[in-house]
Structure formats: structure tokens, C-alpha cells
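Chain IDs A, B, C and D follow the sequence of writing; residue 1 opens each chain.
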Amino acid sequence: MKKIGLITTGGDAPGMNAAIRAVVRIASSRNLHVLGFMRGWEGLINNVFNPLTPRSVSGIIQLGGTILHTTRCPEFETPAGIRKAAETLALNNVDGLIVIGGDGSFRGACDLSKETEALIIGIPATIDNDVFGTDETIGFDTAVNTAIEEIDKIRDTAISHERIFIVEVMGRERGFIALTVGLTVGAEIILVPEEKYKKEEVFKTLKENSAKGKKSGIIVAAEGVGDTRELARDIEKSTGVEARISVLGYAQRGGSPTGRSRLLANLFANEAVNLLVKEQGNRVVGLQNGQITSISLEKSCKSRKPLDFSLLTLADMLAT
Amino acid sequence: MKKIGLITTGGDAPGMNAAIRAVVRIASSRNLHVLGFMRGWEGLINNVFNPLTPRSVSGIIQLGGTILHTTRCPEFETPAGIRKAAETLALNNVDGLIVIGGDGSFRGACDLSKETEALIIGIPATIDNDVFGTDETIGFDTAVNTAIEEIDKIRDTAISHERIFIVEVMGRERGFIALTVGLTVGAEIILVPEEKYKKEEVFKTLKENSAKGKKSGIIVAAEGVGDTRELARDIEKSTGVEARISVLGYAQRGGSPTGRSRLLANLFANEAVNLLVKEQGNRVVGLQNGQITSISLEKSCKSRKPLDFSLLTLADMLAT
Amino acid sequence: MKKIGLITTGGDAPGMNAAIRAVVRIASSRNLHVLGFMRGWEGLINNVFNPLTPRSVSGIIQLGGTILHTTRCPEFETPAGIRKAAETLALNNVDGLIVIGGDGSFRGACDLSKETEALIIGIPATIDNDVFGTDETIGFDTAVNTAIEEIDKIRDTAISHERIFIVEVMGRERGFIALTVGLTVGAEIILVPEEKYKKEEVFKTLKENSAKGKKSGIIVAAEGVGDTRELARDIEKSTGVEARISVLGYAQRGGSPTGRSRLLANLFANEAVNLLVKEQGNRVVGLQNGQITSISLEKSCKSRKPLDFSLLTLADMLAT
Amino acid sequence: MKKIGLITTGGDAPGMNAAIRAVVRIASSRNLHVLGFMRGWEGLINNVFNPLTPRSVSGIIQLGGTILHTTRCPEFETPAGIRKAAETLALNNVDGLIVIGGDGSFRGACDLSKETEALIIGIPATIDNDVFGTDETIGFDTAVNTAIEEIDKIRDTAISHERIFIVEVMGRERGFIALTVGLTVGAEIILVPEEKYKKEEVFKTLKENSAKGKKSGIIVAAEGVGDTRELARDIEKSTGVEARISVLGYAQRGGSPTGRSRLLANLFANEAVNLLVKEQGNRVVGLQNGQITSISLEKSCKSRKPLDFSLLTLADMLAT
């Protein structure tokens, strides 16, 4: 292993830059050269890269986003695109490729692995936390804390106006953010895409709360649970309490990474470079049972990470 | 002047609690009793209040929202409702009433002033900054900083994905937040309700920026400027660059007040109590040319606070 | 198990209130009554408590500090004091006692356990993270993030003035905070009490950095590593670079808890109540290998939690 | 006016980068070239600069510190040093020089103005707010808010442990930060260097507070008021209450500037360039009575900005 490629793909996540810095510096200490391909798969297809050195990744550990940029790349979804990416790797004598990204990125990496001899390692970085093989992804903790800070503010208005607020957090298909955020802001109700909710039960809970003297309330909903605007209207009709919506948008994807997101970035990068140095590839690094480890890229892509439903039960108990 | 009433009305704003604390403590040092009526006009109509003492407002200077709560009160928009409010003041021997709120609150206060002998003083507290007679309202600075922090995060994603982001800030009719926020996040374009914008000019600016090498951009738009979803689609069509929307919601209304919002709360409260002690009423306190002062309640209600358009010109220059 | 006592002892930590809320609400759902003794052991000795209900712990999940207060209690270090605490438990028919605190608190709990029939459960909450039996304590993640945010600010000045900054974080005897913070702010050097440092090596590293073009630097030092003021002077003498000190003080102990500190509070409280319901006592709950579990109170008190020195090696590699 | 120089000198302040960006972009729109001299006076003496263009100041509006760096420069305090700086200006055909800095910087600028034909404009940027001729300097509002956020955290511990905290904020000679911070965190006592305090009065106030039921308290002290460590010991002796110290250090000087600091940066930069375009020099721009204006450099240097003592009286009333 002498030269490795590095890309960030999919949606950006806080801590990607910390991971870039860590990959480059650890690789450098192992005498590996690092090429940073720009804009994810697109840079790989079009052979657009910058050599990265310990100095060129200085001062980025605390920055959101990714200095390598990332973009959607439909061409990479075609066999021709994948072949071009593989050719770029061969052309530059790249022996290993580290892909920093999420679930979708790793499916692309899996396809590419069949066309290249370069060893591929995935570093899970996505606010969605939906990568099988790791208990936590880089960026998840930051997104959760960003959402918590906003909801703590919204609660001021909820209490002052004695209203119900439905706060929509990111998560089109998965409820990891909604679940953790709901549990930690003390939400009265948490709605996740993995479990279809019944409006009647929402109304019932809110009415019971009202009877107990709770005049305001927070419902944390993943964006994938359906039309929250309609839900708000129905809550007003059914309970007589004012309901408002707040959609926490793209701010959840940015911002300076938390300590935990930065720490995972360092630890994952270390493991990724270690694997390449040992000539092991086609794996996704991760945190399992508190330990840094890795699983096969293919297994990660083909498996669905389960949501811990017992936490929903706990949340119900805590929202008493 | 022996006994004064205190209410918060309209939308809540960060710093209302600091103002409540300041009114109570300053009034107390002048030997005035303070009754805190709950839920704005509603508490005044229904005679629901708590006596407030220096100790009972302890530990609230840093809290968002309002411990006196606030709510919409359609009954107060009727002559009967206003009369009931006036009767409550008489019943409790309230000589002065301090109304902490915004533009709409002061119109209500103006109506009430014609039915009561109690002297009324308005303290401008609204994130919208749209009260005539003061250069700045309590809560405005906090809302601006909350929006700035979120947009600084969104910019991470804008740059990493090389996208245009339209960020919608609060302001249905007025562009004070949009203008200050746009100017201070370095927005490429600022859209305010006071000035109808031409889509063609937006496209032109974005294309010029692109030609200069700016691959991403932030458009800060007040919510009152029209359909931003449609604008995003049209930008994509016209420029070929991806455009996304982020609506900064209710978080702008909450959160711990900034130093400036707390300072204004202290200074406005001081002036309000001073006026009452001097038996002056039906005035709105404010900041004018850097000085704490007041104008007549009626003038404040009937005048429209101008937006400083020269700042838009400055913003254009800065977005070069 | 019908009635349980609850105290917070030792230094306060962000997330203690979240733990109080969780204990009370979970206990209540299991039909247990909760008495909140005030000011730690002092309240237990003097029988000063408030009954806690799901409503009385409302709105505290996001607050730093502890609503039960905490104080040093020399009397509890005497046999007489411990007996009085045991008598209070008997007097009030308290079957179980949950102690939220750190290392020192659990040693006190251990002593008390020998004098009472009440079952005692420890919930680890301390910013120092020095409790054996748990990979992480409530409050640690918050303290780390508070320190990171401050050091990210200090770095602005370090770079602008081309200076070395020695930043002292909390940790008189243990380096958990210093290590995690140093690793995640990208510190050039990390100093922990567990490992005596040689000044000559510090100077050498700084000179090498300077030769590489690094004109500024951050040294993160636990407060227990010795006189940083002297170190700063010696650095200036040896390297010719200006060195400054910043002591991050008590702010690390306060503030709104992060998501992770709140989550641990919920999970630890759940396990603590579960143990009591199963009539198991004299245990400390914790996070081990990513799972919520518990160990014996005695073992926790008598064992020293190891610091992961491999992280120091990783930090060196990353500071290249 | 064709070519202007730009430097940042003295201690760095949040918003200096926003001011650099604004100067460069506004100057550029007026067809002026800008040379950014590095490290303050040192770069001017040694003729070290970078040409600055609208693109080269992109993405810095939100950054603390200064991309032009700043350093102490003893050589500039000698006639020879000043002459060399003047020669650099002449050598590069620089017609105008904008100095972003504080009180001390402007005294240096005053000396330089006597040796050069270049017109000099000062932009007040210092967290200390001690520049005569402006009600507020760039960076002051940010420093105040940073201190407030920290003290809001410290208050958690103060309340939980029922302690007195003496919080030392920056300000060796002036109490602007201490006064504003004290007033806005609700400090029980504020100590400023402008007014010698009597320990007996501090003890008396604390005892009265204790009698009123206040079990904790915050004293905000400027660093210039004397030995706070001794004061803490004396408070413990005199009142029997535990007292602790927290020194808010260099974090006050860094961090992302607040909206207000950024806005002032934009407005001051605009005025500074306007003056140069009109061939007016040797002035300091500022905010007076809510308006952007300027005064003579000499007057600014020779006058002492007064502290508003009436705010101390207000603070006393509010701390009831």
C-alpha cells in the first residue's frame, strides 16, 4: 500500500473534515500518499484531485461540511461511470480508497469494488445514523445536539403560548434522530417512520396530558412520518389546543462537530488506515459494543440497521 | 402611583422575562406593588393575576419566553372585552399598566387607554423590530443571532454541495430581521417584503456570481416575500445550480436572550417605571439615536417604522 | 420496594437534573414514591426532603446544576453522621436510595450501605468521568463539549497572534477530560496527571512544529499536571514564542446537558429503578461495551478506572 | 486615492475579519486597490503584504481572529520604526491606510500620521470598548455575550452548591465589559477598575442578600480591580459562605462575531472607505448617538471614554 484515494460522498455531515484530517495525518505517518478526489464520485470519474498533506488539512477539525465537497453523481449509477472511476484509480496507481459517507455511498463503493483492485474502506459519516455495522456514525451526535438546542428554544414559546409544537427533524426513512432527540428533549410524543402512528392515540395522549395539567407539549417527528401540517390541524380540531409546526432544516447537517463526532472521526480514520496497511479491504469501520471494529462492505450494504424500540417505551414512561 | 399591572402580549420574545424582572425590581425599589396578569389581555379581562415580588422574579433574566404567558385574545378586540379589562384595573386599584409586547399589543393598549384612568406604558418586545418610536425592540438582537448561527451552519452544506440556499427568516410584513441577518451572514441576495423583487434580477446576480467563481450562495428571504419553493425551482431551471430551502422557524422566537436584548429590557423597564412614577402615561419607551426615551402610544401605533434601504445597497456591495 | 430516597452529592454535573426527572418518573410508573433529600448527605443526616412527583420534575431535563442541591458534608465522614443518615432512611421507611454522584459519593454510599437495610444504587454523574464500572459518566460529554467550544475560540487568538496557548481543563487527579478534549480540538500536546511529562520534550515538539511551519499551538493540560504558569514562562524562554495560559474554570461544570449526557441520565435512571424493583442493591449502574449494566458498589469504589493511553499515541500522530 | 493599506493591530477582536472583508469589497467597488500588511505594524515596517481582492476575503465574515494576524511590535514604538513604516507606504504608493484596532493602535497611528502623507483612518475593534469617539467597538458585543454564556453556566453551580462566585472578566483598566456583563447576568455585585470598592460593602451586601433568602451569588469583577483570590478568602471569612473564583480568559477574545459586531464591522468599514474616497484622513470612525460618524484621530487618542456610572446604580436596583 503506497497511495490511497479519499472521497466524501452523499449528504455532508459534521465531522467529515475531522475524518479527512485524521486519514491524511495517520496515512502520512505510515508513509502513504493521499489523493483527495473532489466532489465525491464525480472527481473519481473525471480524475480531479488534490494531493493532501498533513499541512493541507490543518485547521479543519472544527469545521462543518467537507473541504473535498460532495455532490449527487447520476453517472456513477451506470456501469460506464463505475468503470471510469476504476480507471482513474488504476491510472494514478491508487492501491486503496477510503470513502467517507453514508448508506448510499457504501452501495456505490460495493459496486466499484467489483471493478477495481484497489482496496476500499468505508468510514460511516451521515447524520442519519443508518449504516449497518456501527452503533453510531460521524455527524449523528452533532445533528442530535443541534436539534436539541433548537427544540429547547421552541419549548420557550410552547410554554409561553400554551401550545403544542410538532417539530420535524431530519430522517426520511429512519427515525434514529427523532428517537434520540425526542428522548432527550423530553418530548411528549415521538413519531418515527419505522412505526405507523395512529392519530387517535396522539389525540388521546395529548388530552390525558392536558388533564394532568400539561398545557403545552412537544411532538418530535421524523420527516418521513407523513403530513405534519395535516396532523397539526387535526390536533387543533380534536383537542382544542393550538398546534404549530417547526421544520428543523439543513442546519442539522452543518455546524462545528461535537466532541463525540470528532472523536469517532479520529478513531474510524485510524482503523481505516490500519486496515489498508494490513492490505485488508472492502470493509466498513464502525463502533460496536463500545469497540472500534469493521464488517464487510457487502454485509453493511445489504443489512438494515434496527431501531431500538425499547427506547420508545422508555420515552413514553419519561413523558408522564 | 401605588400599584401597577404588568402583562406580556403578542408573540413571545427573548428578553420578556428580563423585562418582567426589571419592572418588578425597579418598581419595588420605588415602593410600587406589581400585579402580573396572566396570558396577556385574557388575564386582564378575567382578573387572573399573581402579585410579583423581587424574589418571585429571581432566576429568570436568562430565560426565553415569558413567565406571565401570552395568548391571542379575540375578546379583547371587542368593546365589551376592553371594558372588562378596564374594570379589572379599577377593581384592583391599579394606577398604571405596563404592556410588554409589539406593534399589535400597543394598538390594543391604545384602545384600552380610552376606557381606563390607569396610565399605560408600552415596552417594545418583539423579534420583528417593527415598533415605531424605537430603533430596536427587546428580542430582535437575539432572533438575529439565532438566525445567524443557523445560517452559518447551512453555509457549510451550501459550500460542500455547491448549492444555492434560500433561507426564510421570520417577518411576514417587515424585513428588519432579513435585512440585518442578510447583511451579517454575507448573503448574496436579501429579499424583504417592503420591496418587490424581480426573479430575473435574482437569476442575473446568481449567474454573475457563478461567473466570478462563487459556486454556492445564500439568499436570505423574509417569509413575507412570496413562495420561496417556487423561487427555488425557477432558480434551478434558470441557472442550472441546485437550490434548496430552509425555513428558520420558531427557534427564532425563543432561547436565552443576548446581552443586548437583556440590556434593553433593563433600560426600557427603568424608563417605564420612571414615567409612571412621574404620573406620565400612554407612552411607548424606546431607543432613539442611542438614547432611552419615549413617544406617545398613539403616535407609535399610527406610524410605520421605516426600513433603512441604504443597508440593502451596502449589502449588495458587500456581496461582490 | 415502596419508597425510595434520592440525593445528588459531590460536584454538580450537567445531566443530574435529567437523571432526577428520569428516576422520579420511572419510579412513579412502577408505583414507587420518591423522597428528594436536599443538599446531598446533609439532607439525609438532617431529614430534609421534598416528595417528588412526575409534575414536580417537569421542565428540568435541560437545566444544568441540580434542583436537589449538593454540598460538602464533613459530618457524613464520621460514623455518627453515617448513622444519622441511616436513621433518617429507617424513620421514613425508605427501602431504596439512589445516589447520583461521582467517585467520592460512592465511597460514602459504600460506608452507608453497612449501616442501613435500604438498598443503595449509584448513578455515576460527574464531569471527571473517573468512576470505575462505566465507560462514561453523566456530564462528561457536556464538559468536553464546553471545553471544546472555548478552545475553538482561543485558537482564533492563538493563530492571529502566533502564540502557544496552554489551556487548563478540569481534572485534578485524572486526565479523561484533557485527553478527550485534546484529541478533539487537535491539540499539539496533551498533558495528563497519569503521566509525568518532561519539559524538554514539550520544547522539542514545539520547536519541531515551528520548523514545519506551525506558528501557533494549543497545549491542553489537566489542572493536576503542575504549574502551567511556570511551564509557559519556560516555553517562552526555550522557544522564543509567546505563550499564554487560559484556565477553563467552573463553566465546564454547568450548562445545559448535551444529548449524550441526557441520554445516559435516562438510561442509567431506568436501570437504577429496575434494580431496586428487583430488590437488588449496593450496585453502581454504568455503560460497559455499549450496554447498560451495573457492578457492585464496593468494586466500583475500590477500583481505579484506567486511562486509555493508546489515545495519547493517536493524538501525537494527529498533531503532526 | 488609488491604493490603500490595511492592517489589524493590538489584541484581536471578533469581527476584525468581517471588517477586513468589508473594507476590501467596498474599496474594490470604489476602484481602490487594497494591500493587506501582515502582523500589524510589523508588516508595515518590513513591507510584508498580500494584495486583497473580493475573492480573497471570501468566507471570513463569521471567523474570529484576523487573517492579517497581529502582534506586539516594540520597534514601532521607536522613531526609526515609525519612519520605516512611513517609507513602506511611500514605496508602495499607498495613499490611505486603514488601521483596525483599539486605543493603543490609534496612538501608534497618530504618531505615524506625522511621518506620512498617506491618510489614516482608524476602525475601532477591541473587546475592551475603550475607544473614545464611539459608543461601541467591533468585538465588544461578542465578548459580552461570550462572558454571559459562561456565567449563565457558572450560575448553575453557584445555585446548586449555594456558593458565591467571583467571575473575573477581561478589562485591566476599564470596566465596560464587567459593567455590561454584570447588568445582564443579574450579578449581585459589579466591580470595575474605575471605582475603588470597599470590601466591607461587599460583605454587607452579601449578608443582606443572605438574610433575604439568596443563598448564592455572582460577583462580576474586571480583572483590574485587584486580587480576587484574596477577596474570595475574605468573603468566606466574613460571611461564612463558600466563595469560588472563575477567570474567564482568552475565550472572550475569540469566537464567531455576533450579529452586532459584524454589523458594526460593515458600517465602520463603509464609513472608513467613504472618508478616504473623499480624501479625508486622520480620523477614527465610530457610532455616536446611534449614527455612524467619525472624529479626529488625535482627539480619540487624547480623550478618555467615560463609563456610565448610572448603570451601576441601575444594577444595584436590579440586584435587589
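Throughout what follows, contacts are C-beta pairs under 8 Å (C-beta built on N, C-alpha and C of every residue); 3 or more make two chains touch, one makes a residue touch a chain.
Small disclaimer: the values here were computed from a predicted structure and weren't measured.
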item: Chains touching both chain C and chain D, listed by label; value: none
item: Mutual neighbours - chains that touch chain B and chain D alike; value: none
item: Farthest chain (mean CA position) relative to chain B; value: C
item: Inter-centroid spacing, chain C versus chain A (mean Cα positions, whole Å); value: 28
item: Chain centre separation in whole Å, for chain C relative to chain B (CA means); value: 40
item: Separation of chain A from chain B, taking each centre as the mean of its C-alpha atoms, in whole Å; value: 35
item: Chain C residues counted as touching two or more neighbouring chains; value: 152, 155, 159
item: Pairwise touch network: line, ring, star, complete, or other; value: ring
item: Chain pairs that touch, as defined at the top of this document; value: A-B, A-C, B-D, C-D
item: Of chain A, residues touching chain B in the complex; value: 8, 11-12, 14, 16, 39, 63-66, 69-71, 146, 150-157, 159-162, 165, 244-251, 253-255
item: Residue ranges of chain C touching chain A (in the complex, touch as defined); value: 18, 21-22, 25-26, 28-29, 54-55, 58-59, 61-62, 135, 141, 144-145, 148-149, 152, 155, 159, 180-181, 183-186, 212-214, 256, 258-260, 262-263, 266-267, 270, 287-291, 314, 317-318, 320
